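The following blocks contain the structures, represented as structure tokens.
Paired with chain B in one complex and with chain C in the other, chain A is shared by the two complexes that follow.
The block that comes next holds the complex of A and B.
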């Protein structure tokens, strides 16, 4: 069994048929005709469907923020690989083979592959008409341009700020388009009837998806059922609708349950991270105090908005960095291009922003002849200080964190290192802290937790069980966490943004506490004493001189081994937004092979300020995992498109991800636990932050080791080699 | 997803040749399938018949020829078998070392030397290493077997001198001259190498200077090739100088017919060829001096 055949394709749904997409070979092309005959003639093929065959469902656009996408491209294809038709067959091999026989006739249109050229007045438009806002949309497109969303942030007067500066630097940094590469590609099975729709899928967002499907099918939320098993990785790539609308619409059209699954190459044609081009101008006084920052960011959003407008908004805040900047002006534009749509990816806009903000801090340190750590300590916001007006004041001791990072690096310093670099990342995660949880205490003392954040491998379900075990004094082994099913489970906003432990964990903790309160009342009622006479001690109820286990209380109240106690927990906010600041710092020691440009990583130390590590091992592994993922966009990964918009690195043979051989000789994570988070037991979220510092820390180390400053990711050996030659040429000149 | 196909399992080269003649373009020779099946899954070509070369008797040989003058490797011997072969390790340690670095263990376990040479992908390791050993290939066609120097077999990217009715049956590698020592270095970030360099040095009797040098570079240009000018310049040079790093090596890639691609620009590849020629020579020189 290959990986692509696992969840949800493993599900056996009676009568299921398979839909294989026919993908556009052009980045931008008008669809002028679909030749169905050859494919339709293949035995086992049930239907060959293009957008026009899907009725009104084929015309209804979807999109959580902008409704700009249809299940199949209708009039034109907007990126190479976009589904323009599907072949439905009794089995998957037949569907896939017949899909190759569909004869789609195209009229190629000029592609839009580069963000800057996409903004030229002469650029072809990816979307000819402005799409309507989605349910959660706040930003409209700029009509008659390729600007999908434009966000600005201002404070003070940058003119004044730059006047007060002794040193002003302006630099441009670029960040590549990269792919999530989850072990399990996207997959969905849908079964539509006129009154109900059920979708089994590996989405990260069951409730956002439910809403989208309800809008498309004009059904009540109660009639949409989204079932999500364990998911083989998401990193954001499975957030929001992906293959589900297609599966659902095809099912409604053919009247059978329909399965659509991607191979890894298909997933590469489904979603990616936003590429970015960041021009930042930074002013400082001679003592290092920052006076002003101006940033202009172009995000390459690809063909459809997906989460792009929110990525733009988050990028704006993330451009500020963890520093006191009295005057700033930031503009972020998410730009449509005819490439794979970009969406959520482990800290949206985070690595792109921190790459620029933390590279320029080291360039500034060099210009001021200051130690880069010192420069940061001078400018870091203190606990309680404002990062951005309207947001939660800083809830961490960043200076202490940075000093701890440096100390950890010093303690493990490698004698072979010729350069070291650090970077400090912060992000405002935990978007919309809305969650609900149901905890069921059974009369044998075991517990079922119903929550709707998806277990994508991050370990959340383990931690939720720990929280309930702690609250109810029930052994961890007696607790079962159930994966989301919107028919039975409680609402949750999303599985992303490092929000699980803090927000969903709080909902679950409240549900467990609700059970505790109910147990006291029930025990008192059973014993016939006033409610206040029952007390909770050491995981048991003390009442009328007796000590009862939670199960005793349930059985006692129902009078027999029967019944259960149901706790509920609601969260609508946890104080100011964000619920916490996610802190991700990193320090690296390197050596550079000057002949080849290969960067050798000797040590990498991550630091996550987690408030409370409810499960330290999971925290460490999340942080280290995020670092390793960060090594990808830092050293190797790039979705390379040709000028015509064709994806050149279109399989895992051409697309290079980090391998075990690429890991630094020493790789560790420092966890800071000050018990100061808004989540259970003072926990803050984590899991994305480890990604933030990797690229700038490494580029900063390269600059210190060699004098060569790299501003374009990934830092491939050829780029480093070319930069070394250029630096050498400058020194000789 | 693999399209449907019929598999044929011939027992002799002649049967395989006949099957090729019968099915023409719709047939493909199938060894480990590590390249072929990938291409078929992608829907490239219209292959309906697979002719399995692994069932042909004798193609799994890995032994010295009866006259002892050459090593004979059957076309279906896998990279993994070569990497682990005691014979290769003792008599052709550089080849064993090179084989250990091909692809990943999954590919090595099924991928064959014959498949590698016939696929003729420019970013490969074995051709480069075999060139400095002056290997020959044995091809079997309708008119019987013929021998060809490997250098003549490698024609261009994805192109070999294999005739439409031929199969590759064996690779013959002459035993190297006495005292010869060799090194193979590969460099690259991707699945396949960006640059591969093989160096073989035959020292004089005193093991002080180079009597004969053979240097080949692969992956940089359309086919792996020897560098005759570099080889000539090396003749007579002290091994100690090479071991310390021969500065002239750095320019040895300059004249290569380099092709820029996802692996790197032509300029970078030429420069890396120079760096790795220098390093491979240093390694080979160290071995040539040290060998007892």
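The block that comes next holds the complex of A and C.
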């Protein structure tokens, strides 16, 4: 990729105006009146709009899974920071200044900040009436409760399983609400006419967004154009509709192109990861064999469903872990609260689940007086074994992977370490492997790849160019990958779930192979020989004693330097669901400062079982990046809310993400390549898995080093120090 | 929206941006970042945290790194501003830019301009900074994608390249 390609063009839309949201200061409040006069009087202000000013577009709900959200809160605000009005002005400073002058009168309602309390019969309802299902929705809300989605998984009889156990542990682990902090906040520009709608946005999901906008505006898909440039990070935070419906509806209302951008503080009020409270009961025989697992998970979904129902479903499977459990009963409830809506975030429900499943495995090892690695080896599912009935059998050698991780840790062992911990994460990503690709071979031999997975920094576009270079024998420099534009580009489901290389890569590979097949037919036709007489060898077509480059074939068939060959690739499934199991393991060596409770990270080793690393450098960087992101929810990150539902950690001063100084002294990633994936050349997806193991590996290491078991994240020095004191008191008693 | 137009509160600002003298009129509260991005079209400097924590808007003011989101544009009067757009010469990229490319010291690229400006300033001041000193220096530049490892590798490569060039 050249430097110039990494610089997106400056987006200048003639006639664009700016919309600044007015955000609710209350977590839960009825909106009783909107005073527009002071804001409207500011020179340069074009309109002050509340939900009632938007006509039918203000009433139409959106949501891919549950249609429970509107572009502006109408009757009531459901979280602090929810947009309740917008000021539209010729320039952004004017819009922002005038937004402060909008006089919204509220009647505060009791907030719902805690998931347990949200389930009490007396809890105020976040949504008074059950919302309709969205286009991709399967789970309905439970009426007259705050339960957004409830998912259960059962197998065998847990009563029998716990009877067969020699040791039964029951523990509760909590995982904080955390913020993606993509460096680039959300932003969208929309231009609506009565017959067409164009949105330029940094979404990760152009085609899901297209559907939502088509439903709202009652337009054909062909008349909705979503254009996505290079995006400054997503991690799931830019999945599904965010600011785009608001920009589009305001544009339709004022008749001008409208730009809406968040600052980071606005993005903090747009989306976050689900907090989780996991109570898990685990039974095992004396030899370590697991007999039964029961888990009850409460996910804090915030004010709107977003992806929450799917997060609940995935959490259910991820609670099983990579282990053989004959009897289990899992219940996951995604709960509405009056806090920032929660959505997709780098392995949905993954880190929350692995935090619990891998912490309790070490607690069980301690109770059985077994080595934690040995306990895992006894229980890991083998290749081909069922993780969950109906899903793809395990497609990796987990025991070998774990041994390789331990070997890598041994090889780099730090003499200063006082504790070591490991954790094994698996997830079932890449749901709905639907993708299409168009590859265009031009008559000069250069190639354009049209695919619609967004480049958010994961490096997918680089890998797609590698795949086409491999298939067509075209130099990498002659291949251009185009960013998504739904007017011209092919359909793709989403940019997420570690699906890029496996699914989009397969679509692009098939499109390149389609070109190859066409080139053979065209070359044979041009030479006047039977199609079978043209063969492909080393990136060239051999026909009638001649060796032709792909460009020669194109020019030859058209009879002049003109035309092109268009390859298409469709993917609708790649065998069983999931397309692959994502494997993310981690091992850490630490020391704990007993005076301060500070955890010192001496080494961290990640392991990703990637099938085939088409680009090893990008794979390693994905894994390392995911590990460091995981240090955040492990050590410092938490969106804290007051009892009244106000976000307290409301800027990047209060909200602390990993910095250079937080890195472990040594940090490396092991890539396992067995060529056993469903993607091109045996590749599997990766990029989310590095996130999974971090928190339990570190907590397990702290427990091994000090005897103090921490069950609440983040592992702040205060918490570690208090746990050390408690553990010391127990030892003395 | 009637009545007389508001009095013009704007100040005349003369400064040097990327080696070129610039004179423009800015409101007193205008931030350097907004003037660079909106008035001068220099969008390499990024707006992210708004509170001088993340470093995405780092530019050099008289050679020293500052967060352009927390500097008034008027403070740049009579001084020199260097942004990422002014770092490369006509012929070639700056050695720090080349090192970031070679080491793939970026993923989404949003933090990269600020990161490169911060590294450039650091290596001017302390070309032989130790790895620990580099980490300490860059604590004001957040990257959410890379986990920093490839960035630190790029810094080490840039140190070697600059040492070779100076030797």
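Assume the second predicted complex is superposed on the first by the 723 of 733 C-alpha atoms of A that agree within 3 Å, B and C clash if a C-alpha of one lies under 4 Å from a C-alpha of the other, contacts with A are read in each partner's own complex, and residues count from 1 in each chain.
By definition in this document, a contact is a pair of C-beta atoms (placed from the backbone, for glycine too) under 8 Å apart; a residue touches a chain by one contact, two chains touch by 3 or more.
Fair warning: this is a prediction, and the values are worked out from it, not measured in the lab.
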Contacts of A:411 with chain B and chain C, given as first, second, both or neither: neither
Partner chain(s) touched by A:43 [first = chain B, second = chain C, both, neither]: second
Partner chain(s) touched by A:100 [first = chain B, second = chain C, both, neither]: first
Which superposed partner A:653 touches (first chain B, second chain C, both, neither): both
First (chain B), second (chain C), both or neither touched by A:667: second
Most chain A residues touched (candidates chain B, chain C): C
Touched partner set for A:629, first chain B, second chain C, both or neither: second
Residues of chain A at both interfaces, chain B in one complex, chain C in the other: 653
List of chain C residues in touch with chain A within their complex: 1, 5-6, 41, 43-44, 46-51, 53-54, 56, 93, 97, 101, 104, 106-111, 134-136, 138-139, 141-152
Chain A residues touching chain B - in the complex, by the definition given at the top: 92-93, 96-97, 100, 595-596, 635-636, 640, 648-649, 653-654, 656, 716-718, 721-722
Chain A residues touching chain C - in the complex, by the definition given at the top: 3, 6-7, 10, 41, 43-45, 180-185, 230-233, 235, 263-265, 456-459, 617-618, 621, 624-629, 651-653, 657-661, 663, 667
Interface residues, chain B side, partner chain A - complex: 1-3, 43, 187, 189-192, 262, 264-265, 268, 271-272, 275
